[in-house]
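Encoded as structure tokens, here's the structure I'll be asking about.
By written order: A, B, C, D and E. Residues from 1 in each chain.
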Amino acid sequence: MSHSERIQARFQCHFDKFGLDVDLNLPGSGITAIFGHSGCGKTTLLRCIAGLQTAKGHLSVLDELWQTASHSWPVHQRPLAYVFQETSLFPHLSVRKNLLYGYRRVPAEQRKITPEQVYDWLGLTPLLDRMPARLSGGERQRVAIGRALLTSPRLLLMDEPLSALDQQSKQDILPYLERLRDTLAIPVLYVSHSTAEVARLADHIVMMERGQVVAQGPLQETLARTDHPFRLEEDAGVILNGEIAEVDDRWTLCKVVFDGGELWLRHHDHLSSGMSVRVQVLARDVSISLHEHKDQSIQNLLPATVDHIAREVVPGISLVRLLAGGTPFLARLTSRSVHRLQLTLGGQVWMQIKSVALAD
Amino acid sequence: MSHSERIQARFQCHFDKFGLDVDLNLPGSGITAIFGHSGCGKTTLLRCIAGLQTAKGHLSVLDELWQTASHSWPVHQRPLAYVFQETSLFPHLSVRKNLLYGYRRVPAEQRKITPEQVYDWLGLTPLLDRMPARLSGGERQRVAIGRALLTSPRLLLMDEPLSALDQQSKQDILPYLERLRDTLAIPVLYVSHSTAEVARLADHIVMMERGQVVAQGPLQETLARTDHPFRLEEDAGVILNGEIAEVDDRWTLCKVVFDGGELWLRHHDHLSSGMSVRVQVLARDVSISLHEHKDQSIQNLLPATVDHIAREVVPGISLVRLLAGGTPFLARLTSRSVHRLQLTLGGQVWMQIKSVALAD
Amino acid sequence: EQATVAVAANFTGTMTKLISLFEQQTGHQVQASYGSTGKLYAQIRHGAPYDVFLAADAERPRLLAEHSVAVAGSQFPYAEGRLVLWSRNPDLFRDGLQYLQGEPERLAIGNPKTAPYGIAAIEVLENLGLADSLKPKLVSGDSIAQTFQFVATGNAHAGFVAQAQVRAWKGNKDSAWLVPKTLHQPLSQHAILLNRGANNAAAQAWLEFLKGAKAQAIIREDGYDTP
Amino acid sequence: MSPEWQAVWLTLKLAGITTLLLLIIGTPIAWWLARTQHWLRQPIAAIVALPLVLPPTVLGFYLLILMGPDGAIGQLTESLGLGLLPFTFEGLVVASVIYSLPFTVQPLQNAFLSLNENLLEAAATLRASAWDRFVSIAIPLARPGFLTAAVLSFAHTIGEFGVILMIGGSIPGETKVLSVAIFDHVEALEYTQAHWLSAGMLAFSFVVLVSLYTLNGRFQPGVVR
Amino acid sequence: MSPEWQAVWLTLKLAGITTLLLLIIGTPIAWWLARTQHWLRQPIAAIVALPLVLPPTVLGFYLLILMGPDGAIGQLTESLGLGLLPFTFEGLVVASVIYSLPFTVQPLQNAFLSLNENLLEAAATLRASAWDRFVSIAIPLARPGFLTAAVLSFAHTIGEFGVILMIGGSIPGETKVLSVAIFDHVEALEYTQAHWLSAGMLAFSFVVLVSLYTLNGRFQPGVVR
């Protein structure tokens, strides 16, 4: 990826008791999750990128220079969209006018998405003529997302956009966010506290602590590291690329083959044989056995080699990296089990994978 | 539980395109989770209970009558606390004054909790002298929770109180909420979209749809039903009561015995031998084997009897209820595994439980 | 043609009658602005677009001429005002002198700084030796018209006003005492042609009209002496 | 005390008392207007604004009639043994209050209108009674409105003139306020004194206003986000 | 046109033009005052409020001097070939604008102060330039402030008297506005006419105000939560 197709952001800014000091080099496409404790500076970082917070620094987004030491583009000239942590709908405009506010201000030839598409994706049609004061919390959040999308941005900033949504709405919206990311092929910076959301959506992770970036990297690589500082904890895991080899309609299952074996997962309507898919395997869903036991409900059993053991990542818990073919997996085990099974580097074991989920 | 120790709420209220019509009979202690899609009326229900939304109906809380056909107590005379969906901190008061706003208005002899306790639980001490405009989203939410708790309410209403918090902060706060529930022994109505949060916290569940209650019941009972309408999906599971029998300091584990067997789980500092605990076992963490296999990392292996099989709760997935001693468990399996293992009612199997979590 | 005339407030009622007669006779038109002599003077000094000034004293027209705002030599007296101690209460007094020497309550006068009728009222009190004792009882109106309102609304029990105003009063019976001329300097009211009106035919016609017998008769009828 | 200082003192006293009374009277009116849905809201709002429309001297004239022996207010005050109000300091206060009422009510009403309802609701759930909410939340948050109301009312009373001239009668020490004094000087062509008084008044007001605004800015909760 | 109607027309024209000019001039001043952190903010806010403090006649007097042949403004207007302003309609407009400026600026400033900064930021990220944000967000949300500013300015100009008398004289059709006409009637003891004009003026203002308020209430975004 050439230099000019990335996002480079270097900022320094100070409040009374907090200082942001970051130097980021992010991919120019896909979703980058920004992750970290409450108060670590995630919102501040997005505000700097949007130009809402004045900060010393430098910012280039794809082929455009948005901020240099001497010059800073005003907010409204940066082709970005921002979904705020606290929804800020315009109280004097109807939902429809809120949605079209940014759309109308984008030259017609730059529009890549139509209002109808967005109404449809986000289920906004019944709300169009309401005033924002008469919406529920989740409805407000969906309108805010729609309003941002309709500017056909070149960069999308989202600050916990799904926090007020129920599981179902999230599940309804996520595929569209993913599709959007792919249709518009724009980079998304995504602040979220939900490790599950991050694991599902993100291609790249930035981990912040006290105003500083403590780690960044591609999701797959980073997740498969046992020493990584991401406290994904229960949501640690790997993402692997495979292809659908077989569909079992009777049991609503399908088989994915990948470099190193095959996995069964729940079939979904939009899948068909031959399709490429990304699947997510969480470390907590992987257990290890010294032999293959077929008399159990766990149906994904794969031979693998112990590649690395990170002991006591939290007290009592170890993370074990395994290789099946060339593909790394993570298993989250009690340290006692690691000891009891006498796992050693290079040892041959069977992975028992209870659950496999589509990553997108 | 006598009639007067419950919460009885009957409300009818109408907006342009939405009507709330509920008749609830809730326990007078413990946490009741209110669950349902965005816009189904959860916030409206809480507002009716608080007296913020005028509605026809009737409301009695424990031994007090808050609303009858002819009379309705004004909001400020209802001894409740409300954590709003959108934090509404007073912008002209410092964090400390926000926190003490309600506390000061409660007669000293009715206070059951001190500011220092709350500062400590919620990690608010470094924020006390700030103004709300200078807080991050998560910090604001913690202050709002603290402010509500400090009124030592007889009823606590919480509208997605943890949505802006990261995993770590949530994990830090949840135990205190639980402790609070127990110390003050007050009922809590808790709106949340997080099934994990609900499963962990709630004793009772109310499920709403389009302004109506479609199901309500005690959590344990409800969760162990295989046909329940709660779309807890991945978070279905059971909660069981046990006692700590042994602590293994070397591996940071402890053993819980219960009616039907014993389980190992991660040890926590505040646990000690002889303590009563509640543990949560999620259906997704339970797999089934026809024989006992000790050569694997899963260390909780329990003999059990198949009690009920709910086939295809979602396409491809079945829920199996098992009994270990008198204690019910749920296992979430692919329907194909249920078929392959030829599970039948009354059949003897081994449960393999990958992960057990403390419920409080 | 049309002329604009600045008129001292005491002359308001009379002025209206004169204007209609004048307009009938000459076909010229006259617009009048009323106010205290002091205020009108201040305005004229700063360029107010008046053609003629009918003051309630001789001093201010003289000063205008001195400052070359008015046409020198055009000044003449058009009326001599008579001061009346007046109350709308018919039972308040028969003899104003006695009333003043008794314990009168609130007494209204014109503002001596702006209204010549106010100066005259003060002179009366001084000549009667009552100035100091009555001072706390005095309320003053900006112009003599305002003074009259104080009395007419009953807020002041009595007041020194212009005889012309008393004659124009259409209310019920009242108490009135015509103050002897000996108790104050004559209220000689002078008119003067202002620079702006120097070439205004209507203004000149007006001044001629004012000097004329018909106008003078009306002025007398309203309660002024004429020169 | 020299007559000039007397006028200054009288003016400040009048403006001070008037402003205080106006805030006391105007606040509940503004609160009611901002929050009621009563059909009388608009008519009452209009009535409150009406004193603005009448020329001060005309208003003064009608007040003179109303407060005089034949007027309703006059008969009331007399029957209460208070005597008549015109030409008294109390009369000036009453007239100023009526005249300046809109300057108090309008800014307060706007301030109350822009209050965030959520905050009042939150306060109610925190045990604050209606009165308590009003005092602890509404008033502090409406502070810019109060400041504006106070400044406009105070300044307007200082500058007021027509009404005061009409019902005051310029009695030194009782009703001859600064504006009347300056006016007298101007009309008597005593320009030097007029200039001095005006300049003093302007300088004083300027200092007071700047301090007030600065103080207010200091306490502003701050539009940070 | 009868002199009475002439006065009414003149008054409405004056008040209308003045209000319009005031909104045009006052809005940017108020916006600046509400959003700047410049050290000149407080002094300029105070200067804007100063016309309030001066008695109208005194203000009128100084305007008369300033606009007169010896004054700075007078010399300027004369050198521009505009002639002198006093005693012309244009002069009245200038004086009214200066006199009523605080009534426009204060309510607007408060309205702008209470704007939610988040909304302006959101608009900026939605491609709205500063001017666009101002027009599409700030102005509509500040509508109660604009209404108050317009009502106060309009009404105040209608009721204005001291300044106008001073620099306007009472030239029918040019500077003799309603307030002066009523005043003249009162002074000429023509109470009946004065009463009629005043009553008409009040009734008219009442109707206008009620309609305005009702209209405004209709469009209020609504304090629902």
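Here is the rule we use: contacts are C-beta pairs under 8 Å (C-beta built on N, C-alpha and C of every residue); 3 or more make two chains touch, one makes a residue touch a chain.
Each chain and its UniProt protein: A, B = Sulfate/thiosulfate import ATP-binding protein CysA; D, E = Molybdenum transport system permease.
Just so it is clear, the model here is predicted, and its values are computed rather than measured.
In terms of the stated touch criterion, the partners common to subunit C and subunit D are E, listed by label. Touch-path distance (fewest steps) from subunit A to subunit D is 2. The chains that touch subunit A as well as subunit B do not exist here; no chain meets both.
Using mean Cα coordinates as chain centres, the one most removed from subunit B is C. When subunit D is fitted to subunit E on its Cα atoms, the angle of the rotation, on a 0 to 180 scale and to the nearest 5, is 180 degrees.
A separation of 56 Å divides the Cα centre of subunit B from that of subunit D. One simple way to say how far apart two chains are is to compare their mean CA positions; for subunit B and subunit E this gives 60 Å.
The distance from the centre of subunit D to the centre of subunit E, with each centre set as the mean of the Cα atoms, comes to 19 Å.
Residues of subunit A in contact with at least two other chains: 86, 134.
Residue positions of subunit C with contacts to 2 or more other chains are 39, 42, 146, 149. Annotation for subunit E: residues 61, 118, 121, 186, 223-225 touch two or more other chains. By the document's touch criterion, interfaces exist between A-B, A-E, B-D, C-D, C-E, D-E.
Considering their complex, residues 61, 64-65, 67-70, 74, 84, 86-87, 165-171, 175, 183-184, 186-189 of subunit D touch subunit C. Of all residues in subunit C, only 36, 38-39, 41-42, 45, 106, 108, 111, 113-114, 136, 138-142, 146, 149-150, 153-156 touch subunit D in the complex they form. Interface residues of subunit A facing subunit E in the complex, by the touch rule stated above, are 50-52, 74-76, 78, 80-82, 84, 86, 88, 90-92, 101-102, 105-106, 131, 133-134, 147-148, 151.
The touching residues of subunit D, when paired with subunit E in their complex, are 41-43, 45-47, 49-50, 52-59, 61-62, 102-103, 106-107, 109-111, 113-114, 117-118, 121, 144-145, 148, 151-152, 155-156, 158-162, 178-180, 182-183, 186, 194, 198, 201-202, 205-206, 209-210, 213-214, 217, 223-225. By the touch criterion stated above, subunit E contacts subunit A in their complex at residues 116, 118-119, 121-130, 132-133, 136-137, 140-141, 221-225.
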